[in-house]
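A short write-up of the structure that comes next.
All chains are identified by letter, namely A, B, C and D, in their written order; residue positions are counted from 1 within each chain.
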Amino acid sequence: MSGPTPHPWPAYRWPDGKRSAFCFTVDVDATGPYLWGQRAPDAPRRLGQLEQRHFGQRSGVWRLMDLLDRFGIKGTLFVPGAIAEQNPGLLPAILQRGHQAGLHGWFHELVADSTDSEFTAALEASVELFRRQTGTAPQGFRSPAWEMTPHMLAELQRLGLWDSSLMGADHPYEIAGVTEVPVQWALDDAILYKFSALPGDRTPVTPGAVLDSWSEEWEGQHQYGGLTMLTVHDWISGRVQRLRVLEKLLDRVTAAPDCWVATVGEVAAWHAAGNSGRFVAEATIPEPIEPRRFR
Amino acid sequence: MSGPTPHPWPAYRWPDGKRSAFCFTVDVDATGPYLWGQRAPDAPRRLGQLEQRHFGQRSGVWRLMDLLDRFGIKGTLFVPGAIAEQNPGLLPAILQRGHQAGLHGWFHELVADSTDSEFTAALEASVELFRRQTGTAPQGFRSPAWEMTPHMLAELQRLGLWDSSLMGADHPYEIAGVTEVPVQWALDDAILYKFSALPGDRTPVTPGAVLDSWSEEWEGQHQYGGLTMLTVHDWISGRVQRLRVLEKLLDRVTAAPDCWVATVGEVAAWHAAGNSGRFVAEATIPEPIEPRRFR
Amino acid sequence: MSGPTPHPWPAYRWPDGKRSAFCFTVDVDATGPYLWGQRAPDAPRRLGQLEQRHFGQRSGVWRLMDLLDRFGIKGTLFVPGAIAEQNPGLLPAILQRGHQAGLHGWFHELVADSTDSEFTAALEASVELFRRQTGTAPQGFRSPAWEMTPHMLAELQRLGLWDSSLMGADHPYEIAGVTEVPVQWALDDAILYKFSALPGDRTPVTPGAVLDSWSEEWEGQHQYGGLTMLTVHDWISGRVQRLRVLEKLLDRVTAAPDCWVATVGEVAAWHAAGNSGRFVAEATIPEPIEPRRFR
Amino acid sequence: MSGPTPHPWPAYRWPDGKRSAFCFTVDVDATGPYLWGQRAPDAPRRLGQLEQRHFGQRSGVWRLMDLLDRFGIKGTLFVPGAIAEQNPGLLPAILQRGHQAGLHGWFHELVADSTDSEFTAALEASVELFRRQTGTAPQGFRSPAWEMTPHMLAELQRLGLWDSSLMGADHPYEIAGVTEVPVQWALDDAILYKFSALPGDRTPVTPGAVLDSWSEEWEGQHQYGGLTMLTVHDWISGRVQRLRVLEKLLDRVTAAPDCWVATVGEVAAWHAAGNSGRFVAEATIPEPIEPRRFR
């Protein structure tokens, strides 16, 4: 008799005998999500909310890049079109410092609030702005709030962009023909720290607990051979208390010689090269339960 | 004068002089609860939500079974009918690896959303599917979301199934003629970790705090002579950070020679054999307060 | 020039040169609050919710009294009339074991849902039941959910009962002629642990964090000379994990010879004797802001 | 080729070679926010809620000032007009003990609930009351709930007041001609501890976690050269458990000779003197997204 049935998705192969990979990414949201939430003509747009987020442009994103420089590692920064337009020096500065930049919607518009054609228009406009501001073509996309539709994936495939928005594995895979470099909530600073005194806000988690969580996640990925995809935000983790958590985490990650610290683009390119194993998913939306229900 | 009045429910007796018992269970929900929540024809069914849960089928449930194998212990996995139907190899693989499988509704439909006859139809269909896929009869049931009605208990009794859904004790008991192997919220990973950016989601608890909570619960059950009924989910605790918590917990549990590590079915059989003491509850729904109110 | 202005409420004086006081209280709510919340004729009354709370009557309250016995200390248990009526042996057992029993509404009805005359009827009925079941008169009252109105205080004064429901100090005081032995949220187990999968439930806090909080509170009261009024619930802290927190806390409290461990009635009697200092508050409800607003 | 682009806002310069600054502030809200929330004529005004907040006036604010005295440091206390009017000895006592007092609205009215003219009337009335009660002019303002409008800033500039309500940096800056000494949520006790059993309340964070968070924040500001602006409340951090957290934090802060412990007014004066660097923001409210949306 044979042994246990094999895993549907077996172990992932990393380049050069590396055991695991680590990406440091920044979603440079700035005022985007707040203004999107207040997009109605009569919605209040408060100075307090705006100033809290302006912190990210004045200090936060620069401190995060300084931190990466101190460790000699390259990050990937996703910038909504509207934020890049307001801060025309931002994308060039990211590239000049050797980091990668990616797309992140235009207004940080949410999937649930947008039509397919609006998504396409926003994507094309942000590609065009990226080219105009940097003289180079963007390679990848991250969806605002990490949602995705089959239409969106089809558009990414048409434009030859990789994606970093889904959670179907903890290593790269292919979905609807697009290379997916996956995220996950446990490695997102916003769900742990974000607080603006808006309805539904949760209590910020304290730094010792976050360091415990992210260290354990990284240890686990390094043990299981996966990808630690860390995502932080300019106006959230650019605050000093959170920078200290990142510093302590990077101390551990960069001390492991067999952990591959790379940009999302480098990981996507490795996966697309096809030596990692075959991990292919379909982008299928199941039928609703209700008409049939049960019997 | 006599001493203090005795406890209504005195100490539970475990087999072979064991002090306490431990069950490792997995509710293999996969996409079930999300699709049930989105069951209306016009509800959105988002790729991001689905991919997060597909992780459980691609990796999570297999890693959990690997973990149990490494410790040489048998778990009990509860699978909704719809998930078993979509993954016809799952129930056979569970049994082939020596674990127990149990029923868990068809669509993971909730008690509050279902009629008595819908419950009966779902239960019978899931029994029938289980037989067809495994060639054996199911022995036990766990209610989706851990709610229960007198009708449901009557149906379980009619079909000779034990139940593992209620919280009236921290050791087995009998309710409405059914053997109950009880659960409790403090030992459910979902209320601590589950996060999908849906309304009402709470902040995930960090692994150090969860290990503290579950270790203390197990220490307490071992001290008081009860049952530690751990429940985890494929797409939640199949993530590496949570696997590490489970590994550390199992290190402690399996080091105690007088803790009985067993499947839910083994515990139910022990209780039904009648040597554990008499612990019988009625399934009574009290009259509403309101018509009478207070005088 | 004189020194700083004195505190409006200076240091409290405890008997026999004690530095601080400690009360262990149990609100024996059992199914009361759930049934009150579901009091409408057509509201669902679910077995899962009921069984979770029945645990308190089958095991929890007895384990809590056993714990107090092991430490040789006397607790104060507040029992709603309806719960005492369903469990006629409960109040006698509390008294027989040497603990104090107090009133706690009839159905655990909330202030916001009740009229003045309903409150009076419930209070008088619970006094009558207490006398009938125990042959003694109750001495004190704790309001369900810790709310209070001037009418309620007037009724307590009329019946000569002390109160333990308000938070205006961290030592006894007098309000509207009633002796108040105050509570506070930081020492209530329900806001930290309670979880029933009902809307608005929060994530249970893990035991290490609760022990940190309660130990610090007790250390603080012992440092500042106040009263540590701990409140736990039969179906919540009667669970083993929480019993272990209580055990570790009591280890510390009972090791301090200058901390007075007493029932609420003993503390109320000390305060009423008048040697503790003068701490008098009025039960004044201020006028609403709105008609006048600002100018 | 040049090095990385410089930060938009470079390092802040503190007086006398200090590395960082620390302000201890108290928002003496007392019953204000509760009564404002219940300001409608028919809203309930409950004794339990009121008594919990009266604690701040009877004990909390005095204990906080005693704590500052023990460390020999000066705090800044912001008092709503209505609270100062009800407690005419409070502002004089604050000044007599050597602390600074600032304005904090009249009823603790929220920006979202008030018109521009109501704000102006409340501000002028609170200035007038401050002069009458203390014989001195107030120097600074903190907005209730930390929101702000261009009108409010214009009024502060007209009256020559500094502000301490915004989060656009972690050191002083200028906005719309007003000196801003910024706050931030991570250093506010209310979002961590506040609990009154009102809808939306969150679980209080335990003291060890708060000490971790505030210590890390202070360490970070001291490392990065910023301002640690701590904000606590009379009825919240005047409780003994929280006083102990503050004591442990102040032990660390006051042990650092190169951290400048100062009142908000002293920090504002340093910034206004112009030797700290140029940090100027506009108070601009962007146009709504919606009419234009995306294409």
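Assume a contact is a pair of C-beta atoms (placed from the backbone, for glycine too) under 8 Å apart; a residue touches a chain by one contact, two chains touch by 3 or more.
Keep in mind it's a predicted model, so treat the numbers as computed, not measured.
The set of chains touching subunit C and also touching subunit D is empty. At the subunit A-subunit D interface, residue numbers used by both copies make up under half of all numbers present, so the two copies contact each other through mostly different positions.
With centres set at the average Cα position, the gap from subunit B to subunit D is 48 Å. Averaged C-alpha coordinates put the centre of subunit A at 34 Å from the centre of subunit B. For subunit D, residues that reach two or more other chains under the stated contact definition are 202-203, 209. Taken as a graph of touching chains, this assembly forms a single closed ring in which every chain touches exactly two others.
Looking at the complex, you find that subunit A touches subunit D at residues 31, 35-36, 38-41, 43-52, 54-55, 57-59, 62-63, 65, 69, 89, 93, 96-97, 106-107, 109, 118, 121-122, 125, 195-197, 199, 202-204, 206-209, 239-241, 243-245. Interface of subunit D with subunit A (complex): residues 4-5, 7-9, 111-112, 143, 145-150, 153, 165-170, 175, 184-186, 191-192, 200, 202-203, 205, 209-210, 212-213, 216-217, 219-221, 223-224, 226, 281, 283, 285-286, 288-291, 293-295.
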